[in-house]
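The following blocks contain the structures, represented as structure tokens.
In what follows, chain A forms one complex with chain B and a second complex with chain C.
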Partner chain A sequence: MKSYAMPFPEAEKSSPGRLFRRLTAVLILISIPAVFSGCAEVKEINDMAILSGMSVDVDASGRWEITAEVVNKTADASPEETRRVIRSNGSTLGDALENLNFQDSRQIYFSHAKTLVLSRYLAETQGVGPVADYVMRNYKTRLSMDLLVSDLPDASAVADLSSSSSGLIYYDLEELVKTDRQYGACSPTKVYQAVNLLKESGADLTIPLISQRDDRACLAGTAVFSGDRMTGSLDQDETLYLQLLQDHLENAHLVLPEENMTFQVMDADASFRPVVSGGKPALNVDLKLSCTLSQAGRTVTREDTETLSEKLSQLVRSRCGALITKAQLWDADIFGFGKSMGGLTYDFSTLPVTVNCEINLKLGEVHR
Partner chain B sequence: MEPQKIKRRRLTAGLDENIALLKEIFGQDTTIKIRVFENQKNPRVRCCIVFVDGMINNVLINEHIIEPIMLNKFLHKTDHLLTDLREKVLFTNDIFPLREIDAMMSELLSGNTLLLADGFSEVLVLSTRGWSIRSISEPAAEKVLQGPREGFTEALIINLSLLRRKICSPDLQYEFMTVGRQSGTKIALAYIKGIANERIVKEMKRRLKRVDIDSILDTNYIEEIIKDAPNSPFKTTGSTERPDIVAAKLFEGRVAVLVDGTPVVLTAPFFFIEYFQSNDDYYSNFYVGTFGRWLRILGFCMTLSLPAIYLALVTFHQDLLPTRFLLNLSEARLGLPFPTLFEMILLILVFELIREGGSKVPANFGQTLSIVGGLVLGQAAVEAKLVSIPVVIIIAFTGVTGLMIPQLKSPIIFMRLAWLILASVLGFPGFMLGVIALLIHLSSLKTFGIPYTSSLSKTFAEECQDTFIRSPWRRMLVRPSYISPYNHTRQVPQEKSQDNVKEKAEAKER
Partner chain C sequence: MNDEQFEAAIEEQQPKYQEYLAFVYFLSSVFFLGALIPFHRMIWAGILMGAFLALPFLYGVHKLIARYGTGKSLLLLAGLLSCGLCAVTLYCLSDFLAFCALQELPVWFFPAAFLLCCVYGAVRDIYVLERFSKLCGPVVLALLFLAVCSGISKVRLSLSYGFFAWRDFLAPSFSAFLAGAVFFAALFFAEGLVLLTIMNAKRKTPAVFKDTVRGFLLSAFFLAAAYLVTVLALGPDVFEMLTYPIYYPPGLTGTAEYLERIEVILLAVFILSEFVKTAVCLLTIKESLLAISRRTSMQTQ
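Now for the complex of A and B:
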């Protein structure tokens, strides 16, 4: 075919080697991504066993057990039939995880696993760090996988609980954590956050605690870690104040039982001020809450604002103080005080902490 | 008779010999009519008209040619008989003499009538075209909601007049040529002197002169022959059936090629952004025009990339999918025998078959075909577990968005398949490779010496006024400088117009 390109000076004339150079360029462009993109990893969705989550247990003899839930969905399946529980064990964590692949005819697909549940025994004895780190790095799981500690006898018991909505218990756990967090009932921890916290200094790890109510899963508070070992647990009320001190509180309610009143927390702010008192470091915790009265058992007027604010402040101060004392007993800086202390040398377990609380209470006209 | 032999023959002064020659040339062709007649007063004035039946206006011939010659009382057989006939007797608006046989044949076969007179070896060519022409109507593939509804027809002369009505300026130039050795197709090169880039005009003439083919039946023949990049699926010349579009392009410095026998007109140069420009954009509010343009660009991107992205996601990068979507996909693909790539190629093929079949089928069957093809086949294929529902949706959406720009049909079909295969082999990197290859190819293309993506690489506001957005008309002050360097100003800003200046001065005086 004749070339009808314009005879302008900048027009490129065709040359014999031009086609060869173009083909070479195309081959190079194709071969580079072919080497790096893993084109051998083609897999069809129906050839994969999608893992929704797993539980990790270790017994006293050091034998590891993995309990996992894979999706088994079909169009006419009932909620019980949409999942299949598989179990494997091994002498090490890696051995147990590799043996999991033999429990299903399809290839286990970890990338959509949403929850990793560890047993209490594992958290107290072996520690969380190596487990979380290994699972995250080797099995292409999502970094945002939720980490939970089971308050049941075994973590594997979680897989036997009933699902409330999707038919997949581990996805339900993820939804549970997400929902309860909004009300201050849990302080969620993702796998990558756990691994990062364990590597950094200045703060200790907390992981939500899972238990059972009837035959369904529920949150039972927070597991507290010193380093990567579990040292204690907080109940749900303490978890709320933990959220407040961690500056994560969004929506929560505070109760004054003696007044038969409930207050809604609209906004909360926590800040830490290191001070030096008598040559020794100390910490002031300044809390600012903006609350409204959401339920009252008696008539309340504007004149009651100051009294109620003082009572609320007293409540928050005492509860936070008790929580801090508990954490100091466990030597677990779960609030992140260490990040605010700067270069001061201190011992967390004996650090004097003063909690100040300012309540901005809005009452409106008259509440009955 | 062979063309070479025709060229060597000459007319003689004898009418009968000339008639015999014409009969020899045309053989048994009964559409060639030869009518011999003579003047009633002076029978020595013997004439003969030759015409093609069905191509002439019979009334014109009977009343304006035969009758005046037959009934004229003053005609004599003199040396200047033909001149007398031409200047004093015949009632046609266009008459000229010819001596060459091949030129005579060309005029005869284009609907003119030849008048031969006894004693002369020259003929008079009379303009008598009168065949049936399709009426001016709106082109089916270029309909608008608001704006002119005229479209070109197959007659060159009418098309030229339609364009002339849009550009009532003596600067509108027409240069005529004939291409096609056997077809003798007339073409006209149109441009506006003083605006058109003279290098482009010169280059277009050069390319048209080099077209050496036996017949030209449509502008696409010329388009493919003069194309800058013959192997590229993208056009480097535009085509349209609307005179308003051609006029607008001429006003921007382009040239147009009109071909007799086809309503499609070529314009050059043609840039990539023109695929997404529609005349609807200019006849409606600029917000609507801009939004329409974005929709077309989005449709183009989606029709090309949606199948490849879907395939890359479900076969390589399942971790990028939302979990619920992945579970539904997994459920949808249960029991399917074929890999996703095969499903997609199969459905693309089926869609293209239905589309192609639908374009040829009469309108009465169109609806039935769409119901059978779309609903029945698609639904049946899903229920038979041959294909999955998500793939049907993807391909249907892809097909529909691909129809938004009919001119991009061939690049879309080719690139969509290429990207699909790249994505099936290399995942997202393969898809990106396809995108990069497309960008490189587009950047390397030139249209009549001007880079194909010129309009997309400008940063000055005045050069970008009609690319991704359609600026308001009051802002479109200049023509694109990358097309033509002449007569840059399209519009004087209202505040600087002479009337405005005068009004302000008068107001100040008052």
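Now for the complex of A and C:
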């Protein structure tokens, strides 16, 4: 069969210089559309109302209210002028958010919003579903926004709190969540993580709860959800044990008040073992903690290690047991036990759970 | 200089960058398809399996070409496949840009400019595209590697428990996995047939098949890795809800404003790859049209 291969083109004429010029031309041509498109769509940063975050409220009549903070970082803006709060409302969440566009002469830019605060009433009555759904469907908002539930009377009250560092309260909240996570005080939940938990079976959602101390925002524990509705809340101490059971604990301290001692958790691991006991499903929770003594009110010797380990273990077991009982009352599997149950049929609220805790205690220095 | 020496001299002058071209060429196979097909959580396994399923068929094409040369039938088939690939590429690219990136521009603007660039690349020669791939291939590889690493840092396995459980994850997805494997095998075969045909039509060296397969497998491996990391980082349910999921994990970076926008760099990888693929397809169309016109003129004479 005859080949239709073309003769080698310009084989003798072509030189590295010619090829390089061609390549350069191609590269320039590729860059032209990008440059043109930038010109066609160019917007000065000052012509956009950049949101740092927003709060979402809903009233008893079902009317939605959005409170958003607009960044005003011009060179001549005074510290008081670096932010402006705008408000809008509507009969649905989407309607209220679209109405935000009428509250500022500039185009509202959602993509830099870092935090989304929901009111407690909204979380209890409407749930997280409508908010998560809106964010998932709209490209203008980011999936990586941190979700928070306000323990204040309204979520909008968050916008009236004083900023402690950046001058922008919603950026401060993002920083607050990041920092407190390092100390085991909260377990941040981003929008896409919430959507996954809502969609999958075997685990329920938790969202950090914020409140105020003086006129500043502070974390106040964790909002607990069963399905997409908030059913209860945990305090700061319970939040620490929640993270331990969720296997998210990175760094925290435990206190034995009767011994006047503080222990630093250096490493923590949680695993779940489903068992069948008397024909009924049950769950064993195995916790392994590596701790270091960080403060002692008396002289501690190596002989005390075993006794202190046992006391710590007892503390962790009792706190975790109480927390599990509380979650079972709310029927909220916030620990993800359901993911470990395999094919066993069980009822979370009556599932017998045994907590085992192994403490590896060291009396050396704390390196954190 | 006799014919053999002339052939040898020509081969000596050819750039030996087929694997770079193949790597860049195959890379854009999946990303923009989100506009046409829903992505499943098992897409990464489908890509890998599809790549291995396509290999024997591509070897068959290689053997066919080695035995009979790039006859007019093969060139015509490659030309037709190229038309389809170009049409799908342009449609998907327009959809992505209009939907996600350049909403305020007319929908035809960027694809038209893009097509002009591809035409310019195609009217030159395959060697220009090879050298272009040699230039941008390592950069593309580095950026993709960066994006995959960025995605790995976002993985929270507690969100993906279902991924490891047969009951929750694999069993309901098994048919989707098989369908994905067959679909990607067909897609890779079509793309590979076009590339092998045009490479051979342009009298590339005998190592063309080996080099093409090397670039192709590297590309498929990175695509599968990128999609697996995306499933783990976003969670399987969110992954399935998004049209262009691989675009998201780099954007989840919350450490610096600049890094947060690294997704745009990832997009550049796929647009460069689309450029190479479309240019190769246009070149194939040109060659097949030339083959037809030559036959017609011979009949007229």
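Descriptive notes on the structure:
In this text, the second predicted complex is superposed on the first by the 316 of 368 C-alpha atoms of A that agree within 3 Å, B and C clash if a C-alpha of one lies under 4 Å from a C-alpha of the other, contacts with A are read in each partner's own complex, and residues count from 1 in each chain.
Operating definition for what follows: a residue touches a chain if its C-beta (ideal position, glycine included) is under 8 Å from a C-beta of that chain, and two chains touch if they have at least 3 such contacts.
This is a predicted model, so every value here is computed, not measured.
In the superposed model, A:Met48 makes contact with chain B only, not with chain C.
A simple residue count on chain A separates chain B from chain C, and the partner touching more is C.
Using the contact criterion defined above for the overlaid structures, shared-chain residue A:Arg142 touches chain B and also reaches chain C. In the superposed model, A:Tyr192 makes contact with chain C only, not with chain B.
Of the two partner chains, neither chain B nor chain C is touched by A:Val276. By the touch criterion defined above, A:Ala60 lies against neither chain B nor chain C after alignment on the C-alpha atoms of chain A. By the touch criterion stated above, A:His248 is placed in contact with chain C alone, chain B being left untouched.
With both structures placed on the common chain, the touch criterion links A:Tyr109 to chain B but leaves chain C unconnected. Comparing the two complexes, residues 1-2, 4-6, 8, 11, 26, 29-30, 33, 36-37, 41, 114, 142 of chain A contact chain B in one case and chain C in the other. Note for the complex: chain A touches chain B at residues 1-2, 4-6, 8, 11, 26, 29-30, 33-34, 36-39, 41-46, 48, 50, 71, 73-75, 109, 111-112, 114, 140, 142, 171. On chain C, the positions that touch chain A within their shared complex are 9-10, 13-14, 68-72, 75, 99-100, 102, 104-105, 109-110, 113-114, 116-117, 120-121, 124-125, 127-128, 131-132, 135, 156, 158-159, 161-162, 165, 167-168, 200-203, 234-238, 241-242, 248, 251-252, 254, 272, 275, 287, 290-291, 294. Within the complex, the chain B residues that touch chain A are 199, 203, 207, 210, 225-228, 230, 314-316, 318-319, 323, 326-327, 329-331, 333-336, 339-340, 424-430, 432-433, 436-437, 446, 448-449. Chain contact summary for the complex, chain A toward chain C: residues 1-6, 8-11, 14, 19, 22-23, 25-27, 29-30, 32-33, 36-37, 40-41, 114, 136, 139, 142-144, 174, 178, 190, 192-193, 195-197, 199-203, 246-248, 336, 339-340, 342-343.
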